[in-house]
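Structures for review follow.
Here come two complexes built around subunit A, the first alongside subunit B, the second alongside subunit C.
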Partner chain A sequence: MLKVNQLSIEINGKRIVDGSSFFVPRGRITSIIGESGSGKSMTISALLNILPAGSKAAGQAFFDNKDLLAISNKEMSAIRGSQIFTVFQDALNSFNPSVKMGKQLYEFSGRRIRHSVAEFHLKMDDILNDLGLSKAIMEQYPFELSGGMLQRCMIACALYVRPRLLIADEPTSALDTLLQKEFIELLKGLNEKQGTTILLITHDLDIVAEVADKMVIMHKGKVVEVGNVAEVFERPKNAYTKRLLESRF
Partner chain B sequence: MTVKWIGKRMMMGVVVLLVVSFLSFFIMHAAPGDPATAFYGGNAQTLNAAEKERISRVFSLDRPITAQYGSWLVETLKGNLGISYKEGRPVITILRERLPNTLLLFGVTMFFIIVGSVWLGTIAGMKAGSILDKGLSILSIATSSIPAFWLGILFISFFAVKLGVLPSSGTGEIGGEGGFWDKLRYLILPATVIIFTHVGIFARFLQENIKDESRKYYVTVARANGVTEREIRKGILHNASFPYLNYIGMTIPSFFGGSIIVESLFSWNGLGQLTIKSVVTKDFPLLMGSILLIGMLVVISLFIIDFLMYSLNPKLRKGGVQ
Partner chain C sequence: MKSRKMLAFWCIVLGIIVFSTVFSGNLAPYEPNDMNLDEVYLSPGDGHLLGTDHLGRDVFSRLLGGGKVTLTVATVSVLLSLVLGVLYGGFSGYVGGIVDTALMRLLEVFITIPSLIIILSFQAFMQGGMWSMALIIGVTGWLSTARIVRSEFIRLKEAEFVQMAKMFGTPIWKIIISHLLKNSVPAIFVVTLFNFANAIFIEVSLSFLGIGVPPAIPSWGNMLYYAQNDILIGAWWIGLYPGILIFITILAINFIGEALKDPERRRFSA
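Right after this comes the complex of A and B.
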């Protein structure tokens, strides 16, 4: 579904990601793992064309045979609006503080698939309910909710739009252990029931072991190893991967 | 909630006015010179001690300052601001004549400053890195570092003296009908000076806010998830308006201060010029009246700004809960 080929990213002349290549197969959960600063999040930013000003990306990233790094802004926003949904790390800052949640959730979900506000409320109330959120939050502002609640709101939108590719950029780092577990279950469910392809960025090996089918290990801006989770855990080839796996036990 | 907030704000406004009047009353009395002498005008040197004492007694100038302030306050609360030493007319009447002129100058300049800066600042801020973005930064520094009085003199010498198309000073044709269009002609120069020296820095401020806001995390998240550019823009502008409004609120007091200079330069028949005149002639009742009125204008403008902020920013409304 997504094939990244020799992706390099430079920010103000400094190379952050260096010639990384990996593949995200359809209907599976792929995980990119690496310590902070290894270029995981920057890779995602490059794929979505949301790199900060002053940065350049080179290489190719094919999504359905379209090179995400070469297409026009218009095509990019069409893909971002209909095919891919991204859950970001910092849920507390993911929403506009001065707009009510209901309106923002609609923009993130119903509006994308051209549902009316009435349809949106009908469907979203159920989803929120399943996630243990009351529909009263629609009338609240983001700063009145906790990080965990906001992250669940984001997930609610992902469940609503059923994207073909769900990118989750360290989605659990702001959640407590209990919520983390719930979140992982949600991801698994989404993948199994709806067949959603998931790209999960994390630094947590336990999560990788639990949900991912494939893993991509990044270290200092380079992809050092790619493979099936079971195989890599069994027989790591790269020295850094070995060290990483050892640190787990 | 809102009613309570308005009530609180009004109380604060009253306290501010009390403090302002108290301070100005005491500063005025601490200033060198004697109101009794000033009352005598140009012939002050012929004033003998007995006469001076008599004036002081008649106007109660020999009483302690606190007592004087007390009776001034009581009369003011009754709506009586006293009688001008110089003009012999009630202060209220004089202020009533001057107030529309100041409001006209303030209203017109504020309107064009806000419209101009919102227009320039939004375009420049939304297109980071464009020519307008960089150009506005330079332009704003250039225009805001030009002193208003100097620009005023330049304008007078060019438009009034050289070209002779606009009047150099005053608020209307002497002996004319004093109609609205006549006044407008006299308004052009002073208003242009104030607008020109302010619009750049206001626009710059908004531009920087918009650029800061555009870099916020939630904007990236929204963009990455296909939220329409129109919605994103609306959100950015909404949030960038809080510090901008705050900035307007902060500059309003100095705005009235600055207009004193411009009003005097163009002999604009407003409160600013009146204040200067009453200081020079030591016309205490008139000075107190105009200071109080300017203070009221500032308090009211700030109240309007605060109310706008309060209704636009949910964080303020909800008491800043995190």
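Right after this comes the complex of A and C.
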């Protein structure tokens, strides 16, 4: 589905990610794990072509045989519009504080796949219901909702758009443990029901153990180990991976 | 809570002043320019609530009519400076880079020139009336608005929700209007209020110096101007009331602006 080959990222001449390669298989949950500053989020930014100014990406990233790093902006926005959906760490900051949720949810879901507002309301009401959110949130502002609710709203959009690839960049870091578990269940459900391929960025090994099929371990900008979760947990090869696994509670 | 009550109080004060000047045509007992030479320099009392001036004109009626002129000049100029400031600051902040640097240095050059001097010379050369004054106050008053809008745009355009909207292919005009501009409204509103107080002050100063609103039209400033001589003969009421009204109006606006500046009212701070 997504094949990253020798991806390097430089910001102002400093190398942040160095020759990392990994593969995200279709219909599975792949997790990138690593400590803060290991280049996980930068890798994602590079894939989505949203790197900060002054940075350069080299290498290839094939998404269905299209190199994400080489295609035009127009093609990129088409892919970001309907095929890849991204959930970020802090859901509160992902929404415009002065626009009601209903309008924003439409922007994030219905409009992207050219649905009318009426169609959107019809479909979205069911989705919100399934996620345990009331219809009333459509008339509320983001700061009136909790972090967990907002994160669920994001997932609602993902459920609506039915992207082929869902990228979640530390989606649970801002949530408490109970909500984390709930959210992970949602991701699992999304993967099982709709067959969505998920790329999950996290620094939480427990979450990886819980949901992921494959894992990619990054350390200081390099991919140090790639493999099936069960195998890596059983027989870690790299020294850093061993240390990481030992550090679990 | 305390600041809430303060805000409400000053809003009511300003509301009364604005309301009574807007409806001065109905509320004033006399025409502001009606002369009655049998009743010159009447002190405040029956018939003439705040007394009459050297031509027997009712001070209270002139006060209301003059307020209308002063507040109109201030409003028009503030709206003009708002538009100019939002356009200049918004463009500078959104584009960023070298353009932003150049525009900001240019703005700093403008700021170093005291606006009162520009307005003064413009009015003196053009022999301008009420509308030309509103125009020139507006054209010189947008600098602070532009600065605020620019800094808000720079702050907001890095925000995650803006990045996200961009990523999802939201059109640029929509991002500018509903993401950047809409979230800058609180700050723009506050700076505009202070600009408004400043515009009133400039109108009053110019008219007091005799080069603002023409003498035929009453304004708070030129009422003060004509009251200078009257004070010498003991007619204190002609100058005192416009003075008090100018004072209270500017005070009210400043208190309202100060209360709204409170960062706790901001929804988004990053």
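One rule holds for everything that comes next: the second predicted complex is superposed on the first by the 248 of 249 C-alpha atoms of A that agree within 3 Å, B and C clash if a C-alpha of one lies under 4 Å from a C-alpha of the other, contacts with A are read in each partner's own complex, and residues count from 1 in each chain.
The working rule: a residue touches a chain if its C-beta (ideal position, glycine included) is under 8 Å from a C-beta of that chain, and two chains touch if they have at least 3 such contacts.
These numbers come from a predicted model, not from an experiment.
Partners subunit B and subunit C, brought together by superposition on subunit A, clash. When the shared chain is aligned, subunit B comes close enough to touch A:E144, but subunit C does not.
When the two structures are aligned on the shared chain, A:S77 is found in touch with subunit B and with subunit C. After overlaying the two complexes on the shared chain, residue contacts for A:F120 are found with neither subunit B nor subunit C.
Residue contacts after overlaying the shared chain place A:Y160 against neither subunit B nor subunit C. Once chain A of one complex is fitted onto chain A of the other, the partner contacts of A:F22 are absent, as it touches neither subunit B nor subunit C. For subunit A, the partner that touches more of its residues is B, with subunit B and subunit C as the two candidates. In the superposition on chain A, A:E107 makes contact with both subunit B and subunit C.
By the touch criterion defined above, A:F63 lies against neither subunit B nor subunit C after alignment on the C-alpha atoms of chain A.
In the superposed pair of complexes, A:D90 makes contact with subunit B and with subunit C alike. Taken together, the two complexes place residues 48, 50, 77, 80-81, 86, 88, 90, 93-99, 107-108, 112, 141, 143 of subunit A in contact with subunit B and also with subunit C.
For subunit A in complex with subunit C, the residues that touch the partner chain are 48, 50, 77, 80-81, 86, 88, 90, 93-99, 107-108, 112, 141, 143.
Contact residues on subunit B toward subunit A in their complex (touch as defined above): 128-129, 215-218, 220-229, 231, 235, 238-239, 312-315, 318, 321-322.
Residues 159-170, 178-179, 182-183, 185, 267-268, 270 of subunit C touch subunit A in their complex. Only residues 48, 50, 52-53, 77-78, 80-82, 85-86, 88, 90, 93-100, 107-108, 111-112, 141, 143-144, 157 of subunit A touch subunit B when the two sit together in their complex.
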